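Paired with chain B in one complex and with chain C in the other, chain A is shared by the two complexes that follow.
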Partner chain A sequence: MIDALIIGAGPAGLSAAIACAKQGLSVRIVDEFYRAGGRLLGQLHQEPNGTWWNGMEEAARLDREARAAGVEIACGVSVFNVVPSSSGWIASTTEGEIETSLLLIATGASETAVPVPGWTLPGVMSIGAAQVMTNVQRVRVGERGVIIGVNILSVAIARELQLAGIQIDRMILPPVSTVTGKAGFPEAVMRSLLRVAHLAPSPLIRWGSQLMKSSWMQRLGVSLYPSQGFSMWDIPIQLRTAALEIVGTNQVEGVRIARVAPDGQPIPGSEQIIPADFVCIAGGLSPLAELAAIAGCPFAYVPSLGGHVPIHNDRMQTPLPGLFVAGNITGVESAKVAMAQGIVAGLSMADAHGALADSAELENAIRQVGIVRQRATIQFHPDIDEGRATVGQLALASTGK
Partner chain B sequence: MMDAHQLIVCRCEEVSLAELLETAEAYQCSARELKLRTRAGMGCCGGRTCRMLVDQVIEQATGHSPSHTIPLGYQPPVRPISFQTLGGRNR
Partner chain C sequence: MNQRIVHHPVLGSLDAGKSLHFRFNGTTYPAYEGETIAAALLASGVRTLRVHEEKGTPRGIYCNIGHCYECRVTVDGVPTVRACMTLVQDGMEVTAGVVLPTPLKKGGHSQ
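And then the complex of A and B:
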């Protein structure tokens, strides 16, 4: 029996492990990937102040600190079930059962699929898969590709692929359908890009965001939008073009595209096939909540946080005794927020264990999450604060005991 | 134009968008019932890819927006595992 088991060696899990191991708890982390770091491993981007965020280095630093603090890290181990026990929790893993008094689920987020005709052809992958292959495994995903789905994540990863010498022919929208949601509507995509535009490196988008505060201006914006789109780092971003179908016999050979009206409907006669040997589909992220769900944790549906999130308070405690959550499972935000949340969860677990030396440390860590959130350079949704408040209220209501 | 019949939504069980839409329209059912009727989400990946899409089809067909409860429940094991592991003999 250990004091704390942490599922997920991403920035949240590693930071939590360091924080609670330093308070004297025996801590083990398990992660199903062969290497610690989670989504940090693929991250490489330039911050608005010009410095680079190198996730690989951050992951190595956290891994070193955790091991130095006495944390046991087991990679290549999947957790497939968690159940409460008389003295805590039992996790079933591919390496056997682990008994623990406290459990932290820090499993991150998963990508949302966007089905496009032809998406089952070899050579089609999610944008996150392309990121991992390029930055972690150093495998060339192709020579010339098309990215379907325009959002903050896909724009950031397009740049990473380009830095690795891979040509991105263009970024376009998925076709409008029941299963593509708002991602196929030029207006909605433009609006969501503009809301995070203060972070964008492109002066055009930044300028556009000043101009288009009202919805009629946005509509005008999309219809006046240059038909060739605009470019960021020379990658054409075409909000008035959609992929109708990915074509190829045994693998991706190209994409059938069409110009679309501001409502996403294809303009007749504008179809053409562009050559490509790989396609990335980018549908956004949602919290990976499966283990919290089978643990029996109550949930909140909060679109600004990415969907269903386990209810938790600002100490990252769920209503279930001994169960904690941190990182993207609580809402999709940047790696720095995940780290700050991890520290809170770690200290909070130490507190639950009666081992927290100074409770002011926990209070400070909670404040720090808010500060990091305000300064975040990558923001996945403009209404994160409201979403967080909703979850906080539900947590208060659920702990009437 | 996009042909809904050709578009596979659940890749493990090869369920098309048309099949999902027609079933959802006909039965005006829950996401769970749609899963049981079509097998979408019941393949070896455990619905990791199409779970959200099944929810979206139901949202569109019934007009019900998602509630705080997760529409399609999760059951262990949440990863594909061998019988050996399931039986507790994993080495």
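And then the complex of A and C:
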């Protein structure tokens, strides 16, 4: 039996593995993808100081460090069940059962699908699919596309597609429906963009120095709804335009769009079809927490963290003995936060195993998570601290820890 | 048609693996070692990986990370393999999903 099994070889899982392997635990990581790194692999953006955050390089570094620390990494392995045992946990995988004393679930987040009519046509994909295809697999998703859904993630990936020479015709809103919620309301989307623009330092402003030059913020202030939208890196972002339908016979041929009122309702007579050979749908991210759920972990619904999250304390322990969580499963934040949380989880597992030499190390790692969060380039939600505090209180109430 | 991004301003030149070939629905396609079936087919302009089992409407990749199962294909006789998660092997036989019989459904067909 191994000491620690980690499900998910993303930034959280790899960092956790390194941290607890260095304390002497025998550690194995399993991941469904064919290579380690998780969604960190596709990330590519410019940091405030001008350097590029290259997720591929970061993932390769973590992979190297983990292997050097003696971690066994198995890719292409899916986990479909976890059950408690007398001595820890048993994970059922496509390669058989794995017994472990400690289990860390670091499965990350998944994209929320937005069922715009026509979304099953070949050529329609999630924005994250386009990111992986472009940056990791290095294949063009098309020549000229439309992005449906305007949020921090989709704006960042639009830029990444453009860097690879793929033309983004425009970014528009999804149609208003029960599933799209606020993402279909121009005012709500505008507010969310303004909110991130006000963060200091602001990711939107940092992503494009052009924004400052063109006084983007000023223009937004003067006329909240510019008729043609505003452009970022020459990509029109049209908050008063929504997709009604993706059209095509055997694959995407275009998008039927309409101007919309501030409440998201289409303006009669404003419909038109714009040509496109691919469409990306950006519905946002939510924690991928099924395995924690079937393990029997209690959950909390915390919208600022992306949805339902397993209850855990600041040591990344859940109320279930020997079960830990780290990364986006605990709330959607950046890869850097996930890495910091992973280190906490790794040291915490070592502590649970009685192998942590210096408990100050764990306390420092917990503080470091807060520091990284404060400095985060991409802040997904303004009330993350509040959401984290809520989960912490629930953890305290359930375990007394 | 080759839709690979050979030059990238930040990521640099494509570091392609060994070239190999596989078949999809009887047609031979080129690929590089380390590519997924989905990526290799898209690089050759193939977007439709199966049809809806009942309606026959075309389907391609959606999430590209193994969650949505839209890209499921048959690989060397094994059904329901995710094209986005499976690396191409030299000589691999890949076939698209087809319309399946619905004999018990009203108006359904037996083959």
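Simple rule for what comes next: the second predicted complex is superposed on the first by the 372 of 401 C-alpha atoms of A that agree within 3 Å, B and C clash if a C-alpha of one lies under 4 Å from a C-alpha of the other, contacts with A are read in each partner's own complex, and residues count from 1 in each chain.
Keep in mind that, in the parts below, contacts are C-beta pairs under 8 Å (C-beta built on N, C-alpha and C of every residue); 3 or more make two chains touch, one makes a residue touch a chain.
What you see is a predicted model, and the numbers here were worked out from it, not measured in a lab.
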item: Fit or clash between chain C and chain B when superposed on chain A; value: fit
item: Partner chain in contact with A:331 - chain B first, chain C second, else both or neither; value: neither
item: Chain B versus chain C as contact partner of A:56, first or second or both or neither; value: second
item: Partner chain(s) touched by A:308 [first = chain B, second = chain C, both, neither]; value: first
item: Partner chain(s) touched by A:8 [first = chain B, second = chain C, both, neither]; value: neither
item: Partner chain in contact with A:32 - chain B first, chain C second, else both or neither; value: both
item: Partner chain(s) touched by A:287 [first = chain B, second = chain C, both, neither]; value: neither
item: Chain B versus chain C as contact partner of A:96, first or second or both or neither; value: first
item: First, second, both or neither for A:322, with chain B first and chain C second; value: neither
item: Contacts of A:113 with chain B and chain C, given as first, second, both or neither; value: both
item: Minimal inter-chain CA distance - chain C and chain B, angstrom; value: 6
item: Set of chain A residues, in rising order, touched by both chain B and chain C; value: 32, 78, 110, 113, 120
item: Sites on chain B touched by chain A in the complex; value: 1-4, 6-9, 11, 17, 21, 48-50, 52-53, 56-57, 60, 66-70, 73-79, 81, 85, 88, 90-91
item: Complex interface listing, chain A residues touching chain C; value: 32-34, 39, 44, 52, 54, 56, 76, 78, 110-111, 113, 120-126, 128-130, 132-135, 137-141, 163-165, 250-251, 288
item: Residues of chain C touching chain A in the complex; value: 3-6, 8-11, 14, 35-36, 39, 42-43, 47-49, 52, 57-68, 70, 84-87
item: Interfacial residue positions of chain A with respect to chain B in the complex; value: 32, 78-81, 92, 94-97, 110, 112-113, 115-117, 119-120, 175, 177-179, 181, 244-245, 266, 286, 289-291, 293-294, 298-301, 307-308, 394
